[in-house]
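You will see two complexes here that share chain A, one where it goes with chain B and one where it goes with chain C.
Take a look at the complex of A and B:
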């Protein structure tokens, strides 16, 4: 099919970075275009300049960034030379945007219905009743349950997926010609992601919207793109149809990105007949005022050196279970025995002594490190609190920091000097400094882009081979779980509904929920 | 926030007030003898004895304390050692003057501090921003009495525009009001600026721009209500600072309010009056903070409306 004339084209766009940055330009001489009804995916790692570029199209560049040269043509008019008022009039009406963090992107002060209604108030002269009617229609269109109820809700009362639907409803309110979606599904779990992708595709089909979709995940590209543009360090390195880029990538960077995409490839299970060292039995937990239990009769046993995957959507009870095991949270009933000792009744010093055996790596490496504490101090703190002499702790930490692929000089630096991937390495080193028997990784890869994910995944495997700890790996991504785990437990509504080796689980899953999770994997049909 | 929260709050308030009363009681009575301050140096031993008996000063500290607390619980704040009038009557006579002064100070602090903070945040790093921040630093670095004296020198002695002390007209209110509010205005400007800067960086402000909203509309309708949440807390705390400020400012400008009354009665060791004033000021501060917390929870939907 021949492409129709482009609706939005970016020509030779350059955006300068402030002097202190590690490169001179966030975006350097980038050109691309998108036609009505077309979905263009812009792919690249974090820091490749894709978000900055999309913000430039919307006229939302943050302080310190400025367009150095180039054009952004919309229906033939250059947005960059347009008077501010005319440009404002286009924003929200003709060009709309959906952002990465759905909950944070809505104003906590107002009801979500009012926030969508505001778009109509600003750009049309519809009556109050008409606007309300239209907002409710939009909410149904983006498949929000009970639109009347949602209209009255504040953002903090909705889930991430619901907030993203509200954001999409807001973006589509005035049927814009162009929709820019900046990683709109990165913060969501796989099933919600699949629904949002469906929604965007469907809206494109019905309204002929041109979509610029920014992502780092080729699985998502596979699902949604017509054409793909790949960005690296501010440059557009390759552009073409989805088929061409996916099947015959020309640029080495594209090939590297494609290679990093996790595949649904169940690993060979290692024989393990050691007796389990951690046994959780019949765990129960309820949150007050919620119908669905957080944990319902959950039992789990972990053998030394084994890796268990815990998968399920957000809210299924994965993190509650992990927090119960490390006793960061309490349970209402059941027992957790670590080497025969029950953790549930333990308090104070005896609990601290047992906790040493279980360590955790958290989702967000940016907030998991104290910004005012040097890495060395953060790493030695744990062992020293458990009675390891300073000299020995320091030696152990020096060894670990090189094991996770960082220079020993890293110990004298602060967290802000490291990238997200490096920080997650530091967090892993911090957890391993206590020589734990069990490492709990709670969505430890979700905040990283694909290349980082692949590296950290490899690192975890290496460390496990070297130190022999068992791992409880929590994820909503079955692709990652399959490549890493000996056993996978699928959780839904506080229960473990299925538990099996990856290969068996994928081949013969009897449970519809597991099948739905498998279906939702981006690029699963490939 | 349920009933439990407010009950706990009430209990804490009562404990605070009790601690304040007890502390001032002990300190006042162990740090000097009212007889020395109130009676003339050549008073006869019989006169002194009679004075002590009349005000129970001959009993042990503990007995005095129990008697005072029991009276307090029945609503009796005691009587002035100097003229025997009820403490409540003496305070009631002076309080309106202080309230008037405080209201003027607070209003001008609000009217200047908040808009200045907003403008500074919007024009970040500009000359205006630096000006506002300089004003804020001067505001809370310059002692009240010094600013008061400078003002008297300039406006009363040099320009002869304003009366240097006393009450009676709106002109009398200007200098003490400005002096008292200056500190609060500076603090408010600074906090408003940082609260606004934080809100302006939030992802939802980007969404609001992406909707095509006019700049000022976005600031007033979306940024300001969110920034108001921390500002309200500062407002409550500053109400307390204002009460403290009256002690100095009223003394400098000869303003017949409770601040000056406190200075006079401390000097003359009129214990019952001092005790009553301190209790009232403490109650006022606690109440102001309670009010701030209440407002805070009312304006923030994340606290008002549970999940």
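Take a look at the complex of A and C:
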């Protein structure tokens, strides 16, 4: 496809960071352009400056950040030298933005239809009836089911995917020439993500909108991009067509990012005929105000040393099951037997005595460590609580901290001194300090960048080989599950609908939902 | 050292001065707080016609106001300190208990909190003092009862939210006992908020004690407190204003300094506000 004249071009843009930051510029000398009807993906890890740049284009930079030099040209006009009022008008009408957290971007007190209608009230002189008509049209264009009904709903009554569709409808309301989408699918499920990507592609085809799509996921890039720009700590290191970047990346950083993308590669299953040590049977759980049960007749058994993947959309009951097994949540019925002892109904000291057998690594490494406790004390606390003498616990922890790839000096520091990936290593060490039989990882990788993901995944494998624990790995990413697990359980609406070895599951899955999940994997066709 | 604003410095300085005066102010005077001198009744302070023998003047019995104010401030601060610390301990314990057990325990405790919050406390205090006669112990008890409900409500809220943090859940799954979880993890994380509440509660207790003593139901002679000295001067306001005004001014300044300090501490320790500032 021959490129037409660029619609939006950024020339040599530099944005300064305030003095305390670890580098001087959030964005340093970045240039790129996007033409009508083109989708440009900007890829990079968190902190690479991609979001700051999109905010600069919208004129939404927070105080403390300032543009040091460069130009942002829209249809030949420099946005940075325009009078503020003209710029606001332009930013509202011709350039629109979709954010990462759809629910947080909508006002919880107003009906979503009215929030979209407000855009028209502010920028046009259409009558009330015309506006309503137009909003309903937009809602059907972004494929919201029953637009009339959705119009009357409040944000909390919609799913994440539906909220993101409303946000996209709002962004498209005035038919902008440029749509900037900042990780619009990161907070969504794989299946919803696939639908939103379809929608954006489709809108581009019909309206010729130029799209700047910010993401950290090369799977998404594969699905949607025409051209790709790769950013690393404020610099644009490589730019080119999707085919060129994906097949022949020139910059080592791009190559590293691509290598870290998880692949759909079912692993060889190891023969394991040991009897299961953990058996959950017929678990039932209902939330008071919801029709769909959280857990419906769920049974699961885990053998020593094996890895089980638990996949499914959010709300399918994966976390409820994990929390029931580790007894952070309760169940309404059923039994969970650990080495023959029923965990359900155990309280107080008898429950604490069983705790050390099952440990968990949480999703968000930033909130999983007590901010006021030093790492050393956080790691020894578990072993000491179950009766290991202090000296032995300290020895164990020193050994573990180097096993997870950190310096022993880390023990004397506080959580905030570590990066997300390092914290997740600490959380893994904390869980392993108890020598558990089962490690539950609840979306333990989803808050991390791809390169971090790959490292932590490798670490989990090493630790499993060394300590021989079983693992229950919860994820919505089938690619990761396939490369790690001996068995994958697919959950939907509180039930395990399919349970099989990865290879069998991928080769001939019987269930349409599993097939839909497989279809939705970004970049799956490759 | 991070920047401390001028008002915060001023209030810290004022409080240190008040504390020094309470502890050592008596040494500035040649007279004991209770020593009467009928020949030197109602002497005005220095600069208002008085002399160096009684720099802050004397009261109707010729007692030296400087010595009495030091004594009174010491008692007032002591009562406020004991009262707020005891109240904080009592309220926080109930708040932690409510947050831990939930269910009917929580409902009962919060019900009592609501009742306490809707009672006209000063009337209850007057009734109790009138019934049981007043003693230092009863007064401390009353001060502790005043304001415990706000600690209970506050600590229940912050403990509930801290408890649902992933790190608290992680600690639970390690097999740590609930008491250790609350004392070693939750308390350090919520202490800032509770300390701020303490600094805001403290001046209120000073004011309450002053009010009771002013009415003659608080501290009894021969002991004295700022409120009592004020009450003493009530009948002589037109002729010897200094007997009431000087202790009143002291109460005002100490309470104000404490409030300003609490305000600043809240801004400093509240992570939400901190993020806004950054």
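The rule we apply is simple: the second predicted complex is superposed on the first by the 526 of 526 C-alpha atoms of A that agree within 3 Å, B and C clash if a C-alpha of one lies under 4 Å from a C-alpha of the other, contacts with A are read in each partner's own complex, and residues count from 1 in each chain.
Here is the rule we use: a residue touches a chain if its C-beta (ideal position, glycine included) is under 8 Å from a C-beta of that chain, and two chains touch if they have at least 3 such contacts.
Only a predicted model underlies this, so the values are computations on that prediction, with no experimental measurement involved.
Engineer: Based on the superposed arrangement around chain A, label chain B with chain C as either clash or fit.
Structural biologist: In the superposition, chain B runs into chain C.
Engineer: Using the touch definition from the top, say if A:352 reaches chain B (first), chain C (second), both or neither.
Structural biologist: second
Engineer: A:246 in the overlay: touching chain B, chain C, both, or neither? Say first, second, both or neither.
Structural biologist: neither
Engineer: In the superposed arrangement, which partner chain does A:225 touch: chain B (first), chain C (second), both, or neither?
Structural biologist: neither
Engineer: Examine A:107 and indicate which partner it touches, taking first as chain B and second as chain C; both and neither are also allowed.
Structural biologist: Only chain B; A:107 stays clear of chain C.
Engineer: Which partner does A:144 reach: the first (chain B), the second (chain C), both, or neither?
Structural biologist: In the superposition, A:144 contacts neither chain B nor chain C.
Engineer: Output check: A:427 vs chain B and chain C. Expected answer is one of first, second, both, neither. What do you get?
Structural biologist: Touch partner of A:427: chain C, not chain B.
Engineer: Of the stretches 24-32, 42-50, 78-86 or 204-212, which one of chain B hits chain C?
Structural biologist: Comparing the options 24-32, 42-50, 78-86 or 204-212, the clashing one for chain B against chain C is 24-32.
Engineer: By the touch definition above, which chain A residues appear in both interfaces, chain B in one complex and chain C in the other?
Structural biologist: The answer is that chain A has no such residue.
Engineer: Flag every residue of chain C that touches chain A in the complex, lowest number first.
Structural biologist: 165-177, 180, 184-185, 188-189
Engineer: Using the touch definition up top, name the residues of chain B that touch chain A in the complex.
Structural biologist: Interface residues on the chain B side: 124, 202-204, 206-214, 222, 225-226, 300-302, 305, 307.
Engineer: So in the complex, which bits of chain A are touching chain C?
Structural biologist: Those residues of chain A that touch chain C are 326-328, 352-353, 355-356, 358-360, 362-364, 367-373, 381-382, 385-386, 427, 430, 434.
Engineer: Name, in rising order, each residue of chain A that touches chain B in their complex.
Structural biologist: So the residues of chain A touching chain B come out as 55, 58-60, 63, 88-93, 96-97, 99, 101, 104-110, 118-119, 122-123, 154, 156-157, 167, 170.
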